Amino acid sequence: MLLTTLIFLPVVFALVVAALPEEKWVRPVSFVLSLGHFAATCLLFWRFNPASSALQLVEKHAWVPTFGVNYFVGIDGISFWLVILSAFLTPLAVLGSWTAIEKKVRAFHICLFLLLSATMGTFLAVDAILFYAFFEASLIPMYLMIGVWGGSRRLYATMKFFIYTMAGSLFMLLAIIALIFMTQEQMGQMSASVLDFYNLDVPFVAGDFLNTQTLLFFAFSLAFAIKVPMFPVHTWLPDAHVEAPTPGSVILAAVMLKMGTYGFMRFVLPIFPEASEYFAWFFMLLGVVGIVYGALVAMVQPDIKKLVAYSSVSHMGYVMLGLFAMNLYGTTGGYYQMLNHGISTGALFLLVGMIYERTHTRQISEYGGLAKAAPIYTIAFLIVTFSSIAVPLTNGFIGEFLILLGTFEANRWFAGVAVLGVILGAVYMLWAVKRIFFGPRGKALGHYEEESLDINGREIAVLIPLVILIFWMGLFPSDFLNWSKASLDNLVQNRTHYELKLEE
Amino acid sequence: MNHALLILTLLIAPLIGFLFNGLRFRSHNAYLAGAVATGASAISFLCSVTLWTKLVSLPVENRVLETKFFEWIAVGTLKIPFGFVVDQISIIMILIITGVGSLIHLFSIGYMSHDERPSKFFAYLNLFLFNMLVLVLGDNMLMTFVGWEGVGLCSYLLIGFWFTDPAKAAAGMKAFVTNRIGDAGFLIGMFILFFTFGTLDYSDLAAVVPKVAELGWTGPVTMACLFLFLGAAGKSAQIPLYVWLPDAMAGPTPVSALIHAATMVTAGVYLFVRLSAVLVLAPHAMEVIAWTGALTALMAATIGITQWDIKKILAYSTVSQLGYMFMAVGVGAFPAAQFHLMTHAFFKALMFLGSGSVIHAMHEEQDIRKMGGLKKYLPVTYITFLMGWLAIIGIPPFAGFFSKDEILWQAWSSPHGSKGLWAIGAITAACTAFYMTRLMALTFWGKSRVSPDVHPHESPPTMAIPLIVLGILSVIGGWIGIPHVIGEVLPGHPPNIFAHWLEPVVAKVEAGHGSAVMEWSLMGFSVGLAGIFAWLAYDFYVRVPSRPKAVAAALGPAYRLVENKYFVDEFYFGKIINPLVEASKAIWLYIDVNFIDKATYFAGDLVSGLAQLVKTIQNGKTQSYALYMALGVVIIMTVVLSS
Amino acid sequence: MEIQFKLVDFLLVSPAVALFIFSCIPLLIKVLRGNVEQNSFATLIWGYMGIIIAAGLTVATMGSNRTAFEGALVFDGLSGFTGLVLLFVAAVSLTFARDSESTNDKQFTENMFLMLNCVVGMLTMAWANDLIVVFVGLELFSLCLYMMIALSLEQRTSKEAAFKYFILGSFASALMLYGISFIYGTVGSTYLPDMISAAPNLLATNRLFLFGFVLLLVGVCFKVAIFPFHAWAPDVYQGSPTPLTSFMATAVKAVSLAFFLRLVASQAFSVERFWPFVDVLQWLAVLTILVGNVGAFRQKSLKRMMAYSSIAHSGYVLIGLIAAGIGGASMLGAGGVMFYIFSYSIMTIGAFGVLHLLETRADSDLTFEDLRGLGRDKPWLALAMTILLLSLTGIPPTLGFWGKFFIFSAAVKQGLVWLAIWGVVGSIISVYYYLRPIVAMYMEEPTAGRYTFELRPLSYFAVLFLALLTMAFGLASEPVYQAVLASVSKVF
Amino acid sequence: MLDTEALMRIGLGHYIALSGIIFSFGMIAVMMRKNVIVMLMGVELMLNAVNLSFVAFAKEAGNLNGHIMVFFVMTIAAAEAGVGLALAVAIYKKFHEVNIRFFEQLKG
């Protein structure tokens, strides 16, 4: 029942928030409730057995038995940290949006809780249709978040976001349907369970594009690639991020993008092993292009949030590169990078939001000399920056190093190009840092007194957990990876005949 | 205390200093901050000394103190412990780092006493110390890389310490990014080594490499070494990545002394001494390293002749000296490289601190054209600076003479060396003598050109003591590495202690050719050359001050080329960086906005256009609708009945 | 020829009889009171009673699988299920009609009379097992619809809509009838089972039959609004009073599709000679999806947008019909179609209901701008509209998702992947226009004081209930799907 | 040589052909004429063409179904005519002309 509780508890919370008599209670109550949800999620540390690669804490109830669709949830080492990450970031998002969200506070927190529920469901669903349902359902709260609480071009951004994502995922729906019928042919009865998909023998013909496995592979890949987002289907992301309110950006970057990469790990790689292998070069190429391209474009962005958004493209390119290196280093690194990106980019968006609340501009050119005006903020920003550009002993380094190592093993030329991302990452982040924090006082700082722009206690409280995690994950990666090790090993070593057992 | 605890203390002390000062970064109390930081550094130094005594007490063949704190990364066969090793190489490094580091910390108290944020400064300095210690103590390449990036980070922070000046902030960024280019090479080098030898552990590498060598895999090793050299070139300011170091002088002078002269910039040399067993398998890579080092030495030395900023001259001098070290590495003279590293740390730190003292005295004036005749105002600085000068131009028996001549001799005699390398080295030595003497002449000798409202004054004792200590070291520091030929004729036949100390841990290159006579004559030649050029510079700048201008005018374009540092910065900015930025803007505009988004819009426009078509067809006329139906029926019937 | 009518036959048609009787009662009262309109609520209650009794009787006779009147009517699961959907839709539309500005006046009694008799005609068509009965039923409900539309208080567009619908409907009926005459001429009977049993043979050999059969299908396609027989739909839907639009868009489609399903069950599509038409039909499905979605793309009027979207939905259903027709796993297709009818009816009538609630005048024609501020002023109504629109888009876990899921499943299973892909493309286009009302309701700057009026409670309740159903059946779609499968199991 | 006998013998084919011609005339009337009354007449013409073919087929098949159908069609045609004329009257009352061009408001 734990997993079901984790998925639907936020829905209950949303109702609680909706029923609160006074709006001024919404924020504190939401914060406490989301903390409660995080605490409940932490129960997983006791209930989850990290030594096993099997699917654990399974719950299965018939939903649409005619099509073999079940309410089937379970957790393994791959979903484990993503679930924790989602639950961890929500209280921070609530705390971080304390003053950022001024109108329709109640509705905003309802959206936040529904989004949490949908993301939890996405990461925990083992049934393809259930996964699809949560995957799609998560769009709606985010759509509203951007559209209602967003910036000036919010309508454009939110429509673009929704249509892009929807366009990819509908083809995935067709592919899921095809797989369901394949289970019927090969196993005698229909099943939408991913576990049964793993056992399918999806016919593959190398060299011929129009064969079953390749088509299904690309149908799934398109959906997830848009979500990741990979070059060249990334253009919804900068717009969505720029227009989204701070907590929306945080959740979008930290959690929702992971749905794409998680989809690759859960669906694409194990269900279509031959096609994945055959087209690995293509995805590595896109990953590499994404890394360099994202970095170059981030470099010349005039808007801080857009810069961070493009840096996401670059970072997620690393993740894809690692996953499609298809070896232990790459996969582990890619997985770790997913978490890192969640922490550091989430933190960056929070930070950008904090300063935006004070100066009401995100134009880099209007800043300058912020380090004097907001020293603590500067320290936090620098730490997160170093995490983002993968300085050793921060979390980012572990992920990037392992990814590059794995890529080098798989294809040294891609690794050679991907390494450029290490350089360019430093370039765009530090250049931005230089222009924002150093030099003479910028226009945006206007009449503010020295240090009066600095962040307050609440904001420090938001950032401290993230900063701690940055170093914790950088110093003791094993504390985190040990929980996923068995599953990742299983994914890499048994890729061609992948199987997830159910924990007895 | 057992060695693990010692190493822990050694590392933790500066970290605690960093946290202490970092958490109270707003404090203006330079003395408290400096005391804590210097104390932390001193504790580390004491630990280093203790470790050294421990090491000495161990048998020669087994002088290793290892400790692994925890498993850092363990994925697949990659097992990276958070482990440290103290052996013959790293002990030299940590003694230099903590020793010279402590002195510089001490010096900084005085130097930074009037700064706005002394606490922050000392915090960074201690953080640097920590990272530098991690770099040299790491027992595997990845730990070295941790320190490697860490020192780069601190360098970035310290160069940009006075960040309100955009040029200084830019210099910090330039340093970090240039280093990152090298780091990327370092990463690839590591990958190649890992997938060739299956380990990144230094001791494992040393054990595995000779066996693998028998298989004749020189290809990957050469590639690995070249990529690692790219990393080293970034950190140690070699062609083509040296450009950041002169700009790095934007940082406070003690930083230049500690990071950009004595310790961090020598990390590349340290790396190759550490990996000597691997490097000797790649003779082609060695050749590249040697020649790059030599050319860097020459190039930087020539630039040094034309500079007017006291720190810039020293910076180019550093680049040049680092070139020597790489030349030594390239010809397989690892002990010589390490030896020069040490002596250079002494005299260059001294000269930087001395220049700091001068700048401090001159109220932040760095242009040597506005100095002159300072020896009477700054006696201590002058005397100690003089020691450094004598050391760097290689006058026996000062420290620089031994190390530099060792390198020159090896460049001549080593099987990897050549006469060309030696010649470049010798010319560089001549240039060095010239520009260093020029520096001395313009700063301390001759007539005073100090502007009347500046009243130079000697520095306080906290600044003087480090100068004196380093001055003494610059004099005697070379005596532990007296070459064999000199040792033979000296009373008591002092051996080359330094080379013997390192012997067990560095790869041996087969003995050089060349006789003692040859060695003596080359030594004499180079010392003589240095003397001549020193005198020449004295002649130029003290006796006939009008001559430099005339010579410069006579040289014309050649002079301007050198004066403008061979236009390398202009080339990088004009031909690489700016085009890259412009290209990125173009990519953003043309690919992102105008192509991908346009394609998306095109889909939208297509639907929109079709919508217009549908709307046109839907014209509201009942009879048109009936016509569509009739046409539909006709077409369907045609299809169905005709087939 | 001896004709035997049994008592049980009358029992079986009793729902229609009941409806007819209850439609007459208020009219009779009105006439007796000297043509004075009585309380519309009382009229409504009479209507509800008729519908409830008819529904009860339908349930009672469901699954009996009998034929009545010499086999002219058939009472199988398909007709029963369709009948229930029709009655439900009628009840909701009646509620709307009573609350509407354009219908509720001195003539609500007549309106109700027409609507219930319209349902009688539809039930007749749903039960029909003979082409004559099909035609009679079809004409009965069509004529009622023409009149109801024309009865609107709105003077201009409703008349235009009625006239267009009338002319084009008659035109299509004539085509269909012409087709029936050829079928009769070649089969020698108008009895549906005769035709179905003869069809495979005749299709292959007899061009006249082919001609007639295609014309019959064209007639049905007109009612379902399949391209190129769709052109009436946007104009008529927009011009009609919204309660009627909601009724037309759902009930007419439901009953026509049910009849289509019967035709498709004839295995005609598996006759090789008929394959060109199946190909044409596939193209028509694609074009219908495209025209529907593309046509809705740039509409300003919400009703017109919904009209085009209903054309698109017809296209999706046509995919299911083809999948049901080509043999093999026909049940998937048939189940998908019936489920889609069910889900589509609920969502569409709900969405039109929202529009109807917001209309303040008889000639209101809401645009997107008119929805601004709804999220603030009428949050629950906005929420209901959001759910309904998301369901129409096909976002899980709403009912609309399952409708699409079952249809696409059938298509994929039957090898009609390309149709499914076009369906997906259409859905992607539809995201844009279905989300625009949501944008208007929540995200655009609201106009002050637009929605200060009270919502009419019955319709409001109905809309909320429909939204709730959309969610509830979305979460629990299996029972519905099982019921649907049971209903079509005898036909296929 | 023309088989005059065959031409003289009027059979099913002729009836069907005639009904087809009348049906087409009806269709054309609906599609071309602007006067609403004439359009109605076109519809009636189409229905009567159908009647003709029904009767012809019934004669050929020898059963009553076709004849029954004709009666139904006639009734329905009458009803349709009633509705149609009522609409025409409504148009006339408003515009004083029964031209279809008044009904082009709903479009796009």
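Letters A, B, C and D mark the chains as written, and numbering starts fresh at 1 in each.
The rule is simple: contacts are C-beta pairs under 8 Å (C-beta built on N, C-alpha and C of every residue); 3 or more make two chains touch, one makes a residue touch a chain.
Given the structure is predicted, the values throughout are model-derived calculations rather than measurements.
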{"item": "Identifier of the chain whose CA centre is least distant from the whole-structure CA centre", "value": "A"}
{"item": "Of B-C and C-D, pair with higher C-beta contact tally", "value": "C-D"}
{"item": "Where chain A and chain D are represented by their mean Cα positions, the distance between them in whole Å", "value": "66"}
{"item": "Separation of chain C from chain D, taking each centre as the mean of its C-alpha atoms, in whole Å", "value": "27"}
{"item": "Whole-Å gap between the CA centroids of chain B and chain C", "value": "79"}
{"item": "Averaged-CA centre spacing for the pair chain D and chain B, given as whole angstrom", "value": "98"}
{"item": "Sequence positions of chain D contacting 2 or more other chains", "value": "27, 30, 103, 105-108"}
{"item": "Per-residue multi-chain contacts in chain C, two or more chains", "value": "163-164, 167, 171, 175, 234-235, 432"}
{"item": "Pairwise chain contacts under the document criterion", "value": "A-B, A-C, B-C, B-D, C-D"}
{"item": "Complex interface listing, chain B residues touching chain C", "value": "604, 607-608, 610-615, 617-618, 620, 622, 624-626, 628-629, 631-633, 636-637, 639-641, 643"}
{"item": "Chain D-facing residues of chain B, complex", "value": "615, 618-623, 626-627, 630"}
{"item": "Residues of chain D that touch chain C when the two form their complex", "value": "12, 16, 19, 23, 26-27, 30, 36, 39, 43, 46-47, 49-50, 53-54, 56-58, 60-61, 63-66, 68-69, 72-73, 76, 79-80, 83-84, 86-87, 90-91, 94, 102-103, 105-108"}
{"item": "Contact set on chain B toward chain A in their complex", "value": "25-26, 70-76, 78, 82, 142, 145-146, 149-150, 153, 156, 160, 163-166, 168-170, 172-173, 176-177, 180-181, 183-184, 187-188, 191-192, 194-195, 580-581, 583-585, 587-588, 591-592, 596-597, 600"}
{"item": "Touching residues on chain D, where the partner in the complex is chain B", "value": "27, 30-32, 100, 103-108"}
